């Protein structure tokens, strides 16, 4: 094997005083050979991004590597001066970031931003040559008509297209090493699949080594040659992808792999026969924009005549990519947004077009759990106050409400002392549990989970899903589960609805849908979902 | 006769530097082609250009620039003919006939005719105090021919010439007939007169800048200039009045040579001006000015004579002069209502400060402790300092005082109100006069006793004092007039018509390049040369 | 785009309406009476009443408001009660000094403040940052007339480099014009330097935290170029809006600086009018200010187009 | 009311007020060095104001015309003014008025601005009307509005406070409205709506707390500019009644004699500058401390 492109030896990066642990990275060693994709995988806080930052020399001033070496083609970057590092960054090594929506300068044309990469390193290229090279790079990443796209501004491109531009930028100077920090996490599943395919193809054609950072084992199994597993700044396990995925040695790795929901549907639950639905919508439509005083242009149609029905105790999954209208549907049902037309029946009464004042009695019966745990609880009110607020709105005395809060907080697996503390004292997973407790405090007929677990790490995700399963059994609760992640939907939902551009393209029992999806879009969706190739491994708690 | 006043100050603080500045400052005035211009900063900006509808001094000064008068008072308080060639009085002293000088022309080229004079006198007669009295005794004003007209009295009246030649506040300026016929409460449409300067309408920016040009056709009298009488010869091409509201800046501009004359630099700046080289302090108005404390007879507690007496005993002139002027050279403590060193000067009936008696009078007068409202104008430096001194003096004898700060325009608006204090009325205000306006019982509005109907603000009412004033007006023998003035003063002090807060002189500051500044009750620019 | 401008111009009408009502009521409900002021010292109550009638001040308030608006619509701002000059002409006489001072102050302030703000943001947290911010806050804390006097005392009186006061139109010679603007501009710009430097610093700081700056650095681009090409352009919008606010304030006249340096600007015209209860002038000038204020805001919003392609009107 | 033409105070025009990264309670503000320095100066001035009678001060209103414009000496530490009053006593007592005005204006404008901002932010159809009125008030140059109000309704501390506060209200209202508009889409606010919380309780419990941080910062800037504006108003003769000593009044009266008695203006001028500097520094310190974006937090992902 020729000399490794990147070799990290015993790298340590201490954290400043007052942080929750001593080191961001502790005694880390790994290598990336030319033409090889090395996946670094770990949960949030494992230090994988700090590693990428250390290599590129882009760590915030407060984080300084204290020991070890970072060799790029044999040269120790820790000893290189700022000018040398600048020549290397974008020259011999390049980076692709996670958030394509904000990674490009909104005020500059896309072509100019790619050209800047050439200006910074390949100075001798003339203006004309540079423009051709840019067009060539954009074509390499399969972007449609590169000529006009080069003149476009970032906000005129989709997320996927912007990520392709970032990749084109990274390849500009044929770097030896490409670092990709969660490049597909923010993308839809179908776009993610295309980007992964593109990276494998480009990597085959060029001899560059790729350091690929992710938290999703599905992606690892799709793309990795070798895998490095990190936990709280330390290397836990390392080896060829096939062996790490199928025969994980370290218990932590095993736990992680087991926590990844399989794409196979669960055994069908015993379902009572069809009863009148607890919640049903008919021809629900929602248009945004249109004839504002200064608002311009034609109205945007978010929902186009959606009709769904939810049985008591049933979990109905709504799957779709961003922009499909699934969140709008949830918000229309919960009346956070006023639908343009259609009906929403809850226990027989149509609340679709009721004025806000008349909604009060019905609010109690639909409760929502939100995606971002860090913004779903009021930071200035204790957990107890947040939970009792709802019931007290409906006349429950403070003592009765507090008692209910106590046993709910236990139900969701937290100690009673949590009631007195403030949200910032809890982790993402714990906050989501508190949000669930708050929703249950209203004793709702329907619980809407709008991407409730998408923001959580895999292991935490699994615990919350188990909690939801336990609760729906005990309380015979109807759940409307909204997600873009088919694996999560497969695990929890009895029936699935697939949405695209504000319309339902397919609907059916989860198992049936997984067995043979009818609609072309559903098929593409299933194909794109990163699935663990390795056989299931029993979880070691 | 009139003497040119000015003590040039050479030595002192950066003399050499100042001299250099004076030379380098503005191009030498004598350069051919460039009009010789005097740039002067007056005590306020000219906005109302009609000297008859307002008694504001800036309008009067403007009047002396562009208008001429039939008669004028000289330095010896004698009334001398100005536009009048000669005049005669009939044996029964009832008919005065006047003949105008040859070649008098208005700025628009029209000759001055008798009908112009009569129309001007009638308009002036509607608004000015002495004018109103004169009109009271006038039977008719008749044109004899273009240059001669007659004034026929109903009964003998001693102040005909004194009225037609009065030096200040509503001076009887002569305007063309068509302009003089403008109603007495509306600003004249055009600024056309027959005086030594012409008004340049194009460059007039109200409140900012006024420009006058030499009137080439003006024919000055032969006699030497003395006060407002005598020859009014113009020795410069242009005079610009610039309004600089910030006195600091005005003084600095003068020292730097950017302007040539500041009419009323506050007394605090006089030491700086004395020190600066190339600048003279010119005390053109030797008669000076006086402050006045005026009580409102309509509202309690000053509707009671004893309480008014108490105030006169509580205050003393020295405090006012110290606070207002500060520099002893420019203070003139004097309790004569009709101004010291003038024919009617006397200290008869003057109150001496006596706090004990004042407190006692206060009790007798039934003062109930209600706060007394003193209106204080903060934006007029000269009278702003009087209010606090009165406030402290009244507090000393046990009165509660509400010193209300306001701007001068609000004060002028509010003192015209006869309502009780609760509805925007007032109790005390202070103001200041050019002494030339206070020389005799008829001219001095402070001793006007006509009360609500036709009395001055404060509406003092007293039949006895009115009788004395009429007697003064009708008396032709000067010795008897002085005696009547004394009796008027004694009466005024006993019933507390007003308290003179002390006389002071206000020198102007002029660049050393100016010479020939005349001594007069108003700042006049004829006879002034610029080297 | 055209539709947007029309829309915004239409939106100014309600604002102007509100301003007109506020000013009109404020004046009419207050004590002090222009007629008494005009009537002068020796006026009798009857004469004052006659003047009130002539000026139409005795009509019911609504009628006075209607006539004023009616004439306004026909472009007649009315004539000043005190100096009976047309208000339009009074304003025209005074607008040049105000515009000259406003332009020179804003230009000077921007040329000094923006670099300072960028420097402070770039060296965030270091002594440079604290020094720049400390200086700007200090500048802002000194009462303007104290600063004005000190400058006059230093430059005009002692050094004799610059004239003390007055305004010379640019038509009468460049140096006389400029020499009388330098000190007022210095006095006044201190405040705006503080305002603009502070806004620039916080705006650039915020942009430096954005992802695309990290991307630029990852491209190996020099720090100076990152600042110039990426940070400044995106930080521009908040800075422009505060500059716009500055322009609006300057146009409304800076009373104290005008009086200290004797500049015949709109500020003093308005204050004199307020003190003299010259209703037509007050109303005319304040309407002008609010129109200018709204127009400046509109041009600021339009200028955003130059800096942020995402904004569509 | 900001002395808008002379001393336009910083307008956090673009500061959305709501720190983007939430989830942290208010960090202790006192750690921030600038805030400490500012508080120290403010405390000193405040104490001097309260303890005025015991700081060797005489009667600030006593006129002694004979001793006018005397330089600083044993008898009068900071010299005497044009009426012979002791400048030291007037400056110390003046602190009371100036500080009172500074913080009263700040309180009035923040409270009124808060209510208007909350209403405008939440009640949509009211929003357009209220905002047009606010634009109208903002369009009028505030120093002229202040002068007009004080001149027309008589000088008095109360009038001056209202006159200075009113032009500040639109800015505060606009700031609060911005915060409300961005907060009302926060998940925990929607959750509260979903839990049936009615509008008033929702505003007070969930929306209001988020406006506290930006309001404190804005409040400090308003206080600083109010002190300056009072000085400007007195300077133009439309401020506090002349007898009542305030820094603005002292400076206004000392203006005439600046060249021969500079001490009358300089000492109150220094006090104004020091206090305004302190309040501004506190404002800046608070804004950095309260705004997680610029606070130095370490996020490890």
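Every chain is named by a letter (A, B, C and D) in the order it is written, and numbering of its residues begins at 1.
Criterion: a contact is a pair of C-beta atoms (placed from the backbone, for glycine too) under 8 Å apart; a residue touches a chain by one contact, two chains touch by 3 or more.
Please read all numbers here as calculations on a predicted model, not as lab measurements.
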- Farthest CA centroid from chain A: chain B
- Message: Give me the two chains with the most inter-chain contact pairs.
- Response: C-D
- Query: Can you give the whole-Å distance between the Cα centres of chain A and chain D?
  - Reply: 46
- List the centre-to-centre spacing of chain B and chain C in whole Å, with centres computed as mean CA coordinates. 40
- From the C-alpha centre of chain A to that of chain B, how far is it in Å? 88
- Item | Shared interface positions of chain C, touching two or more other chains | 31-32, 149, 259, 275
- Query: What residues in chain A touch two or more of the other chains?
  - Reply: none
- Task: List, in ascending order, every residue of chain B touching at least 2 other chains.
- Result: 246, 248, 379, 407, 410
- Message: Please output the residues of chain C touching chain A within their complex, sorted ascending.
- Response: 3-4, 7, 210-212, 214-222, 229-230, 233-234, 307-310, 312
- The chain D residues in contact with chain A across the complex are 22-25, 186-198, 205-206, 209, 296, 298, 300-301
- Note on the structure: In the complex, chain A touches chain D at residues 15-16, 19, 24, 44-45, 47, 49-50, 60, 62-63, 334, 336, 360, 363-364, 366-368, 370-372, 374-381, 386, 389-390, 393-394, 422-424, 435, 438, 442
- Can you list the chain B residues touching chain C in their complex? 17, 21, 45, 47-48, 53-56, 127-129, 170, 185-187, 205-209, 242, 244-246, 248-250, 252-253, 255-256, 258, 379, 407-410, 412-414, 416, 418, 424, 445, 454, 456-457
- Message: Under the definition above, what is the set of chain A residues touching chain C in their complex?
- Response: 56, 58, 85-91, 94-95, 97, 99, 102-108, 116-117, 120-121, 153, 155, 166, 169, 293-294, 296
